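The following pair of complexes shares a single chain, chain A, combined with chain B in the former and chain C in the latter.
Let's look at the complex of A and B:
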């Protein structure tokens, strides 16, 4: 691997590193409870909460590390963490 | 909305650094240049040959983030390209309070138009949780371990916002990732003010402090609710706003959730040490008029 002058890298290229494999627990939405308050989307440190056309959200399991922050903070308990099974 | 920080970075689950970086970019938008001295944020977002950043970003050394930011700002001005571009430092507490303080002091003395954000997770997390000037009293780190003769870090936390205020900075504020809207409001305000501005942000670190990854925000809120982390803004030397603490909680509630304070609950004499920490919180209430 050669190093570019100045060590310059292209923007946003860490997306090649799919960190979803780190996950022990998987967040699941209960859309009956979700109020679309956007808190999970704002807080997610891995940018793994993606807005859908209907205003609800989906998790991006390619990158979600399963930290559980969204589930802990959700004001209406609409996110459940379940054990990953492989 | 285009996300300016990409996933795939190698930060721990529930990392405080990436949350603060994300909030900063959401507050400022695309037109900014970020400088990150050595630290977790730098290491986890720039594994060569990749980068998580979708804005111009440069890695400086631990000790020269202030100088690099000064140089970028001065160059933009010299080329008549400054306009609304924000020059922003996102640094850790070690790079700010200890190793970088000289170059930051110079940048603020010269009055460069920069925003300096210190992500304070209260120790050198990237190298293995060594004590920094930001480590709070009685916290265990690998270089200030609790044991038979010690309750952990014996020294008080350095008051960095006061040091930056003493430089005559037009805007100095404390913030926390636990109240992201308040944090983003302060970043926007710092961006709207000409001259060097400083934001000191509380950043609970799951790995270094020892708590479950889901609790990052909860612990951040507790620091504010116990008055151990007062939220205030200083404009031109005068405190202009504080977040009042309603129904103040005892410091035990904050300390008990973190392994770095575990010895205070298991070791003989711990109660007196907790009382000393409570006194720090009580003093904050008096100093900043939090109630």
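Let's look at the complex of A and C:
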């Protein structure tokens, strides 16, 4: 991908720029507690909460920056933030 | 060498410098003008405002804004839609635009802005020097300096041609000395509308803000690509050197008027002393050179038209046989005690086999008059440098010792 004059880009180019590497804490679902209330999906600022066919959710770790907003807001504490380690 | 405009006498009229510039802007068919009035730029935007009110600039919006910062910011958005944009400012107004100047050039948007050069506060002073535009040296804008009002108005068309060139795409400042040029009435040829239609084609770009074809402008560049943006701007500036020459040559062919390309020279071929300067002081220097030549002194004049891109190669060629170079600067870098031309001239000659001395004089600050006698004294000092070497590399001119 070469630079256009002034760095003008087509829409949606953030897809090619994977930002998950910025993450310090990784959110993990506890599906036994999850009630499928949808709050995490609605609140995620990076559209990194993806709905599965069974109505539960997965995180898209390519883009999740680990902000922890979902874990903080989850009404049933079904999301745990785990320190990213090598 | 500049072509004196004998052939145009029948087309000449007497107008104020600001009117000539406003008229030139009008015939360049801008789409958006945004500016905030500030002395000594005010007459230009007043005239443009009147043209708009009289319906003389079709398909053009004049945006009233609350500051120079807003004026240029509004034009960032306008230029991104593919509009041809114009503004004018000076001094504190240009300083207030500082942040947006980088945005304009970094986004590689073309536009032309007249800088009516004026001193900066404090102490507050509305008169001419070139500290304002020189202080914006590294913003990535092309900077052209005009000698007289004919050149300042003709330069508007040249600047659009250079700025909008696909290999350049950088905004351009056309700098003219405040009051000395902006408020002077002189005979000149108003920029010809028919010729300008031929000279300046409509600005076309593949990249523009358009809801039907959405694009992101002003995206983020992290350390993995920011360097390349700066590199590409530098490359565009390098290409602009030839474009300045081409724009001047094409202008000469079509309009019959020529003021030099990136530089202009006057009697430099056999000169022992070359005076180097920018802007309206060139007119005074031409007269001094004539006088001294008639007394047998081999003095020449190097007019720098393009300060950015800096015409290093053209200058090196022009000065290669001289004994001393004298830079006259209406600006100063306080703490280095050098004007910008002195600094640049020394820097381009270093690492070459050209070893002639370069001296500089800080002159005309805050509108201080520059009489011919002052230049003659400077030439005398340059003669002393040839005889006995440099005693002062850079100094203030005509200091009033009674005030210090």
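In this section, the second predicted complex is superposed on the first by the 78 of 86 C-alpha atoms of A that agree within 3 Å, B and C clash if a C-alpha of one lies under 4 Å from a C-alpha of the other, contacts with A are read in each partner's own complex, and residues count from 1 in each chain.
The rule is short, and it goes like this: a residue touches a chain if its C-beta (ideal position, glycine included) is under 8 Å from a C-beta of that chain, and two chains touch if they have at least 3 such contacts.
Computed from a predicted model, the values in this text were never measured in an experiment.
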So in the superposed three-chain picture, is A:15 touching just chain B, just chain C, both, or none of them (first/second/both/neither)? first
Does chain B (first) or chain C (second) touch A:4, or do both, or does neither? both
Mind working out whether A:65 is in touch with chain B, chain C, both or neither, as first, second, both or neither? first
Touched chain A residues, chain B compared with chain C: B
Based on the superposed arrangement, let me know which partner A:42 touches: chain B (first), chain C (second), both, or neither? first
Footprint overlap on chain A, comparing chain B with chain C: 3-4, 7, 9-11, 13
Quick one: which bits of chain A touch chain B in the complex? Just the residue numbers, please. 1, 3-4, 7, 9-19, 22, 42-43, 45-48, 60, 62-63, 65-69, 71-73, 81
In their complex, what parts of chain A are in touch with chain C? 3-11, 13
Listed in rising order, chain C residues that touch chain A in their complex are 106-109, 169, 207, 214-219, 221, 225, 228-229, 232
In the complex, chain B touches chain A at residues 3, 5-16, 18-19, 22-23, 26, 45-55, 180, 206, 212-218
